[in-house]
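One chain, chain A, appears in both complexes that follow, with chain B as partner in the first and chain C in the second.
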Partner chain A sequence: MTRETILHPTRRSLLAGGAAALTAAALPRYAQAQSSEPIRLGFQLHRTGIGAAYGRWYERTALAALKVVNEAGGIAGRPVEILFEDDATDPRRGAEVVEKLATQARVDLIFGPLFSHVVIGSAPRAGELKIPYLVCSEGYHVASGKLNRWTLQPGITDVRAQVTAMAPFVTENLGKKVTMIFPDYAFGHDHRDFFTEAVAAQGGEVIAQIAIPPTETSFTRYFPRIPRDTEVLYHVMVGPAVLTFVKELGEFYGSGAKPEIFGFIDSLEAVDIASPGLEFLEGSHFWEGQCRMLQPDASEAETFYRDAVGVDANGAAIEDPNNVSCYGHMFSVWETLFAIKEGMEACGWRGPQDRQAFVEAVEAFTDMPAGRERPQGAKVFNAKLHQAFGHQFITKLEGGKLVKVHETSIEDSLYESDVDYTAMSF
Partner chain B sequence: MEFGPFLLLAVMEGLVGAAVLALTASGLSLVFGVMRVVNVAHGEFFMLGAVAAWFVSQWVPGPPGLAFAVALVACPLLVAGLAALADGLVLKRLAYEPEATIIATIGLLYILQQAALSLYGPEARPVPPPFEARLQLPWFGWSGYKLFVIGAAGAVLAGLWLLLSRSRIGLVMRATQVDRETATAFGIDVDRVYAATFALGAGLAAIAAVLIVPIQQAHYLMGGDPLLLSFIVVVIGGLGSLRGTLVAALLIGLSDGVISTFFEPTLAKILATLLVALVLVFRPQGLFGARA
Partner chain C sequence: MRMIALHLAVLAVLAALQFVLPAYHHTNAARIMVLATYAIGFNIAFGYSGLLSLGHALFFAGGMYATGLLVDQGGWQPWLALVAGPLAGGALAAAVGLLALRTAGPAFMIVTLMFAQAFHLAILYWGRFTGGDEGFTLSGAARRIGAFDLADPATRYTAAFLLFGAAMLGCLALARSRTGRVLVAVRENEERTRMLGYDTFRAKLFALALSGLISGAAGATYGLMFGYVGGSFASIQYSILPLIWVLLGGAGTVLGPLLGTALMFYLIDWASSVTTASQFVVGAVLILLVLFAPRGLLGLVRDHAMRRLP
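== the complex of A and B ==
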């Protein structure tokens, strides 16, 4: 019983009003009906705006996970519905979407947003409305302690953990003088701050930091700022212009000498790595949240997940090899839905009155073993930080294929912090 | 990188920006000059050109060069036709009243943008360049296609200048620009001139977009920046003056390239906007504008 909808607030609120009137008239019957009533989850989706490529795949992943959950009996025996609402990848609209889902659509909780500026703009509203808000966002803003008790990130690791885990690989294998190129907003600043720190801890040095506005469409003019003695070029880029970014980087270096290149797969999410002009990336390394191309040692859970979402061995849609997925990130939607299921079942979810109990149940998570619920791999949940910690993958582009060359352990990604959400009030 | 090559790259990047900007802004300038209409939807005609080029690249088989050639002819014609339709359906009915047309073109902006979102989708899609060529200089490599963009834009602008100064259509347009009523008295069909001007303006934006889309990818929100920069250029150059528009486009495009390479792109935008403010205060008719 899935329902992919655009909300019809007036009709829905009318129905809700009607339902409330009926309930008042026949209270005993309602209590009995409640147990089989569907659980309604709100999904804050970047369907349009600069996050649209992610939105398309986050929706597809959510629907695939929903199908698996419902076929296995739903959550605590109740069927599950997801209501998708577009936030245009816009922080102000994001806060409105949270409000609309919570007060008009009356969903049980909200999940799904990715872009850090949208999450930072929307999470305060979720806190005010006291509705659980599970983000798939990667940024350090959750673990930093600047959000609230209602915002949780059980389905993907944060940037600080990612770069902490990977900096040793970069300095040991690629070089010690690093130039960073990153988008000029919260997500990019997390990279700038924590990677610089992590590289210094390894005896390396970040010799230049090049910030690029997230709406930029032309990049060549930034490249002359890359110092000539750069040994490793570290790039992470997002938005509709990522293909232009890597292409222009290739044109800039051309056949001349170039540094080692280490990129976050973000710079190539939803982009075919075999696109003309990207040949220069051959031999370069990538961080991937999950390996886009099917690896020989892939787990049963991963192949199950890949098939369920409809992704081929190259990371593209099975029906269209040109439609490349956001494979490095979209597992977070799947894993978050299963975390919601586990949290709701642990707290004996009845309805919105159990929202606080749900947050407390998620805070009680510790070990989150690998399996079909977590095809990306095992995770450990840190309740104080409201953040999951997990494995990271480094791949190398060899013969047009992204081949896994390193996997970090969960311990590699841990860092000291005195943030404690569990001590905050609801 | 040393100063010399650094400056060379900045100037080359600036020239690409200037070339595309000159095309887009001359369309805006023409529409204002002849029709006295401030076309806020101009950026969306630019976007439509790019989006149409993507569709052409999908539908026309054969080498990318062929699809590109088809796009370069068909897309501007299509966009021009759409603009002529908008002129007849909307602007003409408002009797080209300045305030009303501004509001109407704002409406047009949203209609075109949302139509593109509905029909084309929210993704940024690449259009293959007609040829893959790379210029390898001793210090850096550069896209050979960008050189083509500069050349092609120059050729189109030269053609536009010839059209306006030497052809009968240009004469009629200029006559309408100078005095609409007298032109009518001399038997010029002003309605047709207006429709043609609006179509030509939109077509110029579409040509600029087809040229730039192999570099930038087609996206439904891509019309915002060209609109803003075109307004800056047209205000600095003098509304309605083609010569002023070209000079200002070169000035703004080059300074944008150089300043954003050496400093920050944001600083380039700040300075351009400051220049607009200064021009408006000290020379409201623009650098080359004839009337206040």
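== the complex of A and C ==
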């Protein structure tokens, strides 16, 4: 029989002691693993479907922002990963992607979608799963109050704010009698309703509203409906028929007198402004979320962002001048990632148990100053609406270049609303 | 008897899966069962009766919008609105059938497609009520049927299972009934069936209305289960999808729609995880299917192993 002493331990006590020592040695490592394990963010990406042109630039912007964040130490010292999942720009698949990212990939939160029908189709599922869902969507659906406490939009302004801010410029500089041409679905209807209201508030008048069915491929028959006394033609067409639309509009007016033309850059995102057939737009004005072409007064933050994403002075990919970006919208991805960083650091993010605290931390945002985190410009976050408000840019096409002629203030874009997400339960 | 046992065994497996599936697959299974119900509806028209419709999104979305609008804007009780969904799908299918069934073959495809497109555009046009392409979300209260909350995963799974079970057993009963055999006869040789004294127009109208009713039930349930009603469900894509599911699983088989829907769901899910060219993978699989199993997977099984598979 072997007697156990400190100097002569038995084999069993040695094994037990060894196991205890190993456990003890592993404990600090585990504790460290918890504090340094990567933060995993899910990205709902329009890689295929009608949003694909935006999707590839949203992915590129997200990766550029991720690199900057990680090089600067990540979020609260933890590295950050992004998992991209294609939603095919389809609301059903969008909800499935939210499900997949949340319950299978177990990401901490989800961000990135643009198309409003995908956002509206996915947001209920994000609310059920109680996972923060930060959208880069521009539509009026977040601020309208129709979604839920878990859905936030801190990185881009909404259509209602955009048109409210720009109406004064249109009525004061271009004309007071406006004819609107817009696609006959929800995005176009937001423009129709809110721009008409905003123009009336400025003493102007929308004298005709021409809705184009989304399946239309030729527009010639709609142009005779533009009243003769139209001073400004407001267009916000999207999709592959845009080039045809502009070309046929040019043929309709020919070289004769034509009204001032004001359009949303949505009409020409990812399209080279120098494309044949677009010459007609020379001299017309555009709304841009951020100026596609590098302006002489561009801030250091803007050029830093442009370089980081790899966009040249004309708004195209550095490696391929024909690959034109969605510059007017894609900053929202960059700014949303930095808003996530700020929100997580403000709430002392540890893991999914802090999701509610994260939403509350974002709701506590007020002034969001300009800087590398917000290269598009300063913003103010309205917690009740879960919506950021910011500056808008109006550019004029001169000599094939989009030149900035006006920047609205944040106050220009504010509007009254009864919506209060903070009063909703989680 | 063996065949009935096989189908009951499938239902038993689906019922048991509820307790073992991890969260992600649990919800996927619920989705798949509701979409497979839609495919069963389509299969009654296409697989059993030979009516290749390209407008079934009309019936699916018709049911979804009837229930969604009634509960959201009409203030109806969710259970009552849920009953209205299939009725709307069936009524739309009967109305379309009265006109479209005067045609056959490619003309039938075009006419049904035309009706579905008109419905899709109507949803976009009356966006003030329907939410247009964006659609609208349903509140928590709109998704509670009595004490049952469809936002709860277990309740959702059970609801999907009950819907699918009813549709599958109904389809099985139909396939084994006299009416079912008449439908197959119409599919195989309509002229001869008519010559034998059957009213083939009535048979086809019945098949299309039943198909629309089941599709409408699936659409209504899908809307309530996931809290969203949207115009994309009325687009042509949702007329093509059940065709693909049924072709993959096996047209004219009771279990084919479930198999096809599940396989296609997970094929897309898997492919999008491993490659950015997921649609290419899906396309390649469909080409292989056409080349090597033109009757679908269960069609292949029926041809080689289980000749009496309904």
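What we mean here is this: the second predicted complex is superposed on the first by the 388 of 426 C-alpha atoms of A that agree within 3 Å, B and C clash if a C-alpha of one lies under 4 Å from a C-alpha of the other, contacts with A are read in each partner's own complex, and residues count from 1 in each chain.
Just so it is clear, contacts are C-beta pairs under 8 Å (C-beta built on N, C-alpha and C of every residue); 3 or more make two chains touch, one makes a residue touch a chain.
Source: prediction; values computed, not measured.
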### Task
State whether A:Thr217 touches chain B only (first), chain C only (second), both chains, or neither.
first
### Task
Scan A:Ser255 for contacts with chain B and chain C and give back first, second, both or neither.
first
### Task
Once the structures are superposed on A, label A:Gly277 by its partner contacts, choosing first (chain B), second (chain C), both or neither.
first
### Query
First (chain B), second (chain C), both or neither: which does A:Ala95 touch?
second
### Task
In the overlay, answer first, second, both or neither for which of chain B and chain C A:Ala241 touches.
first
### Query
Which partner does A:Thr48 contact after superposing on A: first (chain B), second (chain C), both, neither?
both
### Task
Examine A:Gly121 and indicate which partner it touches, taking first as chain B and second as chain C; both and neither are also allowed.
second
### Message
Looking at A:Glu85 after the superposition, I want to know if it touches chain B, chain C, both of them or none. Which is it: first, second, both, neither?
### Response
second
### Message
If I apply the document's touch criterion, which positions on chain A are contacted by chain B in one structure and by chain C in the other?
### Response
47-48, 213
### Query
If you look only at chain C, which of its residues touch chain A in the complex?
22-24, 27-28, 31, 117, 121, 124-125, 127-128, 131-138, 151, 226-228, 230-233, 237, 268-269, 272-273, 276, 278-279
### Summary
Interface with chain C, chain A side, in the complex: residues 47-48, 85-86, 90-93, 95-96, 99-100, 103-104, 116-117, 120-121, 123-125, 128, 139, 141, 146-147, 184-187, 189, 213-215
### Task
In the complex, go through chain A and note every residue touching chain B.
47-49, 52-53, 55-56, 213, 216-218, 220-224, 228, 240-241, 243-244, 248, 251-256, 270, 275-277
### Task
Report the residues of chain B in contact with chain A in the complex, numbered from low to high.
1, 5-6, 9-10, 13, 17, 117, 121-124, 126, 128, 132, 134, 136, 139-143, 215-217, 219, 221-222, 225, 257, 260-261, 265-266
